[in-house]
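Same chain, two partners: chain A is paired with chain B first, then with chain C.
Now for the complex of A and B:
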């Protein structure tokens, strides 16, 4: 699963340009379909469907990552850019980036020596930053990277410290890697699936206008589970509540974030499963962030949804960091959900007079 | 240019934060084409290549080896390190940047960054003392691996851009080290007008303790100081910068020797080596000032290459400019008459 995580994370795939990631996932799971159906839909989603008797379950991970798009080429041959997806502006300065066609650039700004004392204490805003690809003229830059060209961070996959993993785009290639592994496990008969199972790899989550919305309407699942990463700040000196969660303390079963209040029954069911299978899990201690769940919850007539997240440091940077053990625990939790006979809501409201 | 790139790539992968230049000893002493490689008391390396002529005059070429970085000041819970800067850092580039800690072994780390939802003030630049380095170890493990005072540098990586530009950490001033090494390696001893001493000097970034010591010891007849200068770009005025791809600049300055400077410019013209002029009236901000007053005084000149994004993990230099610098230094070494 680590090898696939590495391959997927290094792949190029900012929001709206998910095809490379989609191709890797498709070629990875095609040999393991074993009678299941694989749909590539009109908005770029990849949907695996294994018909079965039980409840209709949707598992979801998004393929896209944050990135940049060229908005203007300056007379000097530098590239002005806009963000694709939300990013902390402070992490951009001097990072290396790469375009869809493999052109390497540096996010540059004026040398620190040439700034006034006042300017030195202020962060450079993205609108004052430029991508420098080494073009000497405007014409040369335009030929290589015309307006509209996508860039992502140029980053290595590194395993460091005690089982920590670092790369760009771990958000949410980790979800893609876990769900690919589940599909392989089903084929290898490691799992006895108790569901009518859909696994969707979706697009444009980072923009907040996710294609998971349409996927959910198409499938109309009984319930859905999203596999994601969650921004945390578990660094030394931050109080426990502000850390949100801690790397290595298990998969996060969120009760709420900024965009979704998760289904109480469903999260209790997942927590019980974790306890039963002895899987390490944690809950978030701070309400922050959001993900595809909001779209899944509100699509069509509404869907019960839960999210399994991995605590991630420095998210949306060239250095997303997750814990290898959390990665295993998230995988085990998904495995437990898929193999269980299914979640029965305790309070199925019937409208009566 | 490939030769220079190879030397440069090797140099940027050696961690040489000011004061810790000794890491480069193995590489520098293993270079071919030099008579000797010695280290002085303050950590500068002197690579020598002597002319076959008797009593040849002495030429000192200086390029500094050290780069800006950090030093460990505390080891915190959860495997985080507190650090201070060594030299003038650009604090805008720190959050989420990868580093290497040169402890008992090389340890990978990431400078912390606070997610936006936990910030008290948006768009405020964090100070170095608010940041930490994430190593992924426990405090106990880290204490075995790292000592207070250990140096930390940006994680080495060299990428090739368009038009023979390269992006890497610590190109200031390893770019000039590479060009000077290349120049001296490729010249035949019998052609040398001078006994050539290459000072790959220490501690430029922290008050220039190193280079003048070499000059004091050597008492050269002339010295050429090679360093990087600001590349022209958006919002950078012509008077404070030089243009990329136009060759090295020769500084016209009150602190440089007029005759030597003039002779170098004439030589560049004569040999058709691309070059440019920059005026730095009072100071050049390089090792030049200290070397010029060392011993009984030395005739000096400053030659610089344009560098983009100075003091960041992704400095950018043109290999063509480095090749021109190498050509110019070679021309000086084999000049028909003393300059």
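Now for the complex of A and C:
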């Protein structure tokens, strides 16, 4: 699973340009379909469907990552750009980036000795930064990277320290890797699936216009589980009540974030499964962030939803950092959910007089 | 009706945690209706069948409050707001949890008006262990529910938003007779965090007409923003708020019905805020929407104020609309 995580995380796939990641996932799982259906839909989603008689379960991970898009080419051959997805301006300066067609560049901003006292106290905004691809003229730069060209961080996959993993785009290639492994497990008869199981790899989550919306409306699952990463602040200088979660303390089962209040019964069901299978999990200790769950919960007639997240430091940077043990625990939790006979909500009812 | 209002107000249920209030309402309405459904988002959908138009009346069951996010090593409880919390009103107030644990919400600094994240709840625990025996992460707290009668049939308390409208819907569905319309009384979830429940309910029901029933601000208190609505001036028919422009034809019909039945109403142009009317309008294939509102002063404080005269007019208007639209 680590090899696949590495391959997926290094792949190029900012929001709206998911085809490379989608191709990797498709070629990875095609040998393991074993009668299941693989659908590529009109909004770019890749959806695995294994029909079953049980509850209809949707598992979801998004394929896209944060990145940049060229908005203008200057006379000197530098590239003006806009962010694709949310990034902290502070982290951008002097980072290496790479375009869809493999052109390497560096993000530059005004030299420190030219900054006024006021400017030094404030982060430089992306509109005042440029991507420098080493071109001498506007014509040269435009030929290589015309307006509309995508860039992402250029980063390495590194395993370091006490079982930590560092790369760009671990958000949410880790979810993609886990769900690919589940598909392989099903084929290898490691799991006896009773669910009517859908696994969706979705697009444009980082922009907030996620393609998960249409998927849910068409599938109408009984319940859905999103596999994601979650920004943590468990480094020095942050008080314990604002750390959100802790790297290495297990998969996060959130009760709420900024965009979704998760189904309480479904969360309890997942926590009980974790306890039963002795899987390390934690509950979020601060309300922040959001993910595809919001779209899944409120698409169409509504869906019961939960999210399994991995604590991630320095998220949306060239160096997302996760803990290898959390990765294993998240995988085990998804495995437990898929293998189980299914979640029975307590309050769904229809009474007719 | 006051007993019903009191029962609804004294059942704390914040957004996403509406199970208790849903039970109370289900018990109250079940003898009077044809079908009762609870959907995936927890909306309670109560139907009185008919051959005519599909009319959806919607009052939200949830209220604003706090989620427990952290318990400190000394046994203090940190919380996050659920919905639009007014921190001025929340500081130094008595709060109660879903398990009945009482405490006080205290700002860490007495100088500046802090965000909720810079407040803590003191439940009297001396240690983390003591606090953890009473409270779990994800539990909710609310400012203590209460209701009192003042002069001029005015009442203060919380949460009138939106239990007063739940009471209006319950009274209306009990009273409505001989309507040809296919009536859906929806008690929705998660309105205070952005109309999340009503959107799913409206998608499933696909109503021709959607009417939110909610509280609205008034313009007659010292420092109020300019607004024509007065407390005690009758229920209102919504023309516009920050999230919705009501269907003008529907508003015209509503006004005509109100005038024919001599129902005291005011036209409502709400300057800030929205209701479930917005998600109902744009869910699925869309619906004609407006809202019936109950004027309320001091919304989202611990002492919201309503005038019972307005509430009675709101019930009459809801019944008339069910029968005449």
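In this text, the second predicted complex is superposed on the first by the 346 of 353 C-alpha atoms of A that agree within 3 Å, B and C clash if a C-alpha of one lies under 4 Å from a C-alpha of the other, contacts with A are read in each partner's own complex, and residues count from 1 in each chain.
To be clear about the criterion, contacts are C-beta pairs under 8 Å (C-beta built on N, C-alpha and C of every residue); 3 or more make two chains touch, one makes a residue touch a chain.
Everything numeric here is computed off the predicted structure, so don't read it as measured data.
**Student:** Quick one: chain B and chain C on chain A, clash or fit?
**Tutor:** fit
**Student:** Give one of first, second, both or neither to describe whether A:275 is in contact with chain B, with chain C, with both, or with none.
**Tutor:** Neither partner.
**Student:** Is A:134 touching the first partner chain B, the second partner chain C, both, or neither of them?
**Tutor:** In the superposition, A:134 touches chain B alone.
**Student:** What is the contact status of A:241 with respect to chain B (first) and chain C (second): first, second, both, or neither?
**Tutor:** Once the two structures are laid over each other on A, A:241 reaches chain C alone.
**Student:** Which partner chains sit in contact with A:302 here, chain B, chain C, both or neither? Use first/second/both/neither.
**Tutor:** So A:302 only meets chain C here.
**Student:** Looking at chain A, does chain C or chain B touch more of its residues?
**Tutor:** Partner touching more chain A residues in the overlay: B.
**Student:** Who does A:256 touch here: chain B (first), chain C (second), both, or neither?
**Tutor:** Touch partner of A:256: chain C, not chain B.
**Student:** Could you work out the angle between chain B and chain C as seen from chain A, using CA centres and rounding to the nearest 10 degrees?
**Tutor:** The three centres form an angle at chain A of 130 degrees.
**Student:** Determine the nearest approach in Å between the Cα atoms of chain B and those of chain C after overlaying the two structures.
**Tutor:** 11 Å.
**Student:** Let me check the overlay on chain A: which residues of chain A are in contact with chain B and also with chain C?
**Tutor:** 242, 286
**Student:** Using the touch definition up top, name the residues of chain B that touch chain A in the complex.
**Tutor:** Residue list for chain B touching chain A: 76-80, 88-93, 95-98, 107-110, 112-118, 123-126, 132, 134-138, 141, 157, 159-165, 167, 230, 233-236, 240, 244-245, 308-314, 316, 318.
**Student:** Report the residues of chain C in contact with chain A in the complex, numbered from low to high.
**Tutor:** Within the complex, chain C contacts chain A at residues 15-17, 19, 22, 30, 33-43, 67, 69-70, 72-73, 78, 80, 82, 117, 137-138, 190, 193, 196-197, 199-201, 203-204, 284.
**Student:** Could you pull out which chain A residues touch chain C in their complex?
**Tutor:** Residues 240-242, 255-256, 261-262, 264, 267, 283-287, 297-298, 300-304, 347-353.
**Student:** Given the complex with chain B, which residues does chain A contribute to the contact?
**Tutor:** 74, 76, 78, 86, 88-91, 93-96, 103-114, 120-125, 130, 132-136, 140, 144, 154, 156, 158, 160-164, 166, 231-238, 242, 244, 258, 286, 288-289, 313-315, 317-319, 321
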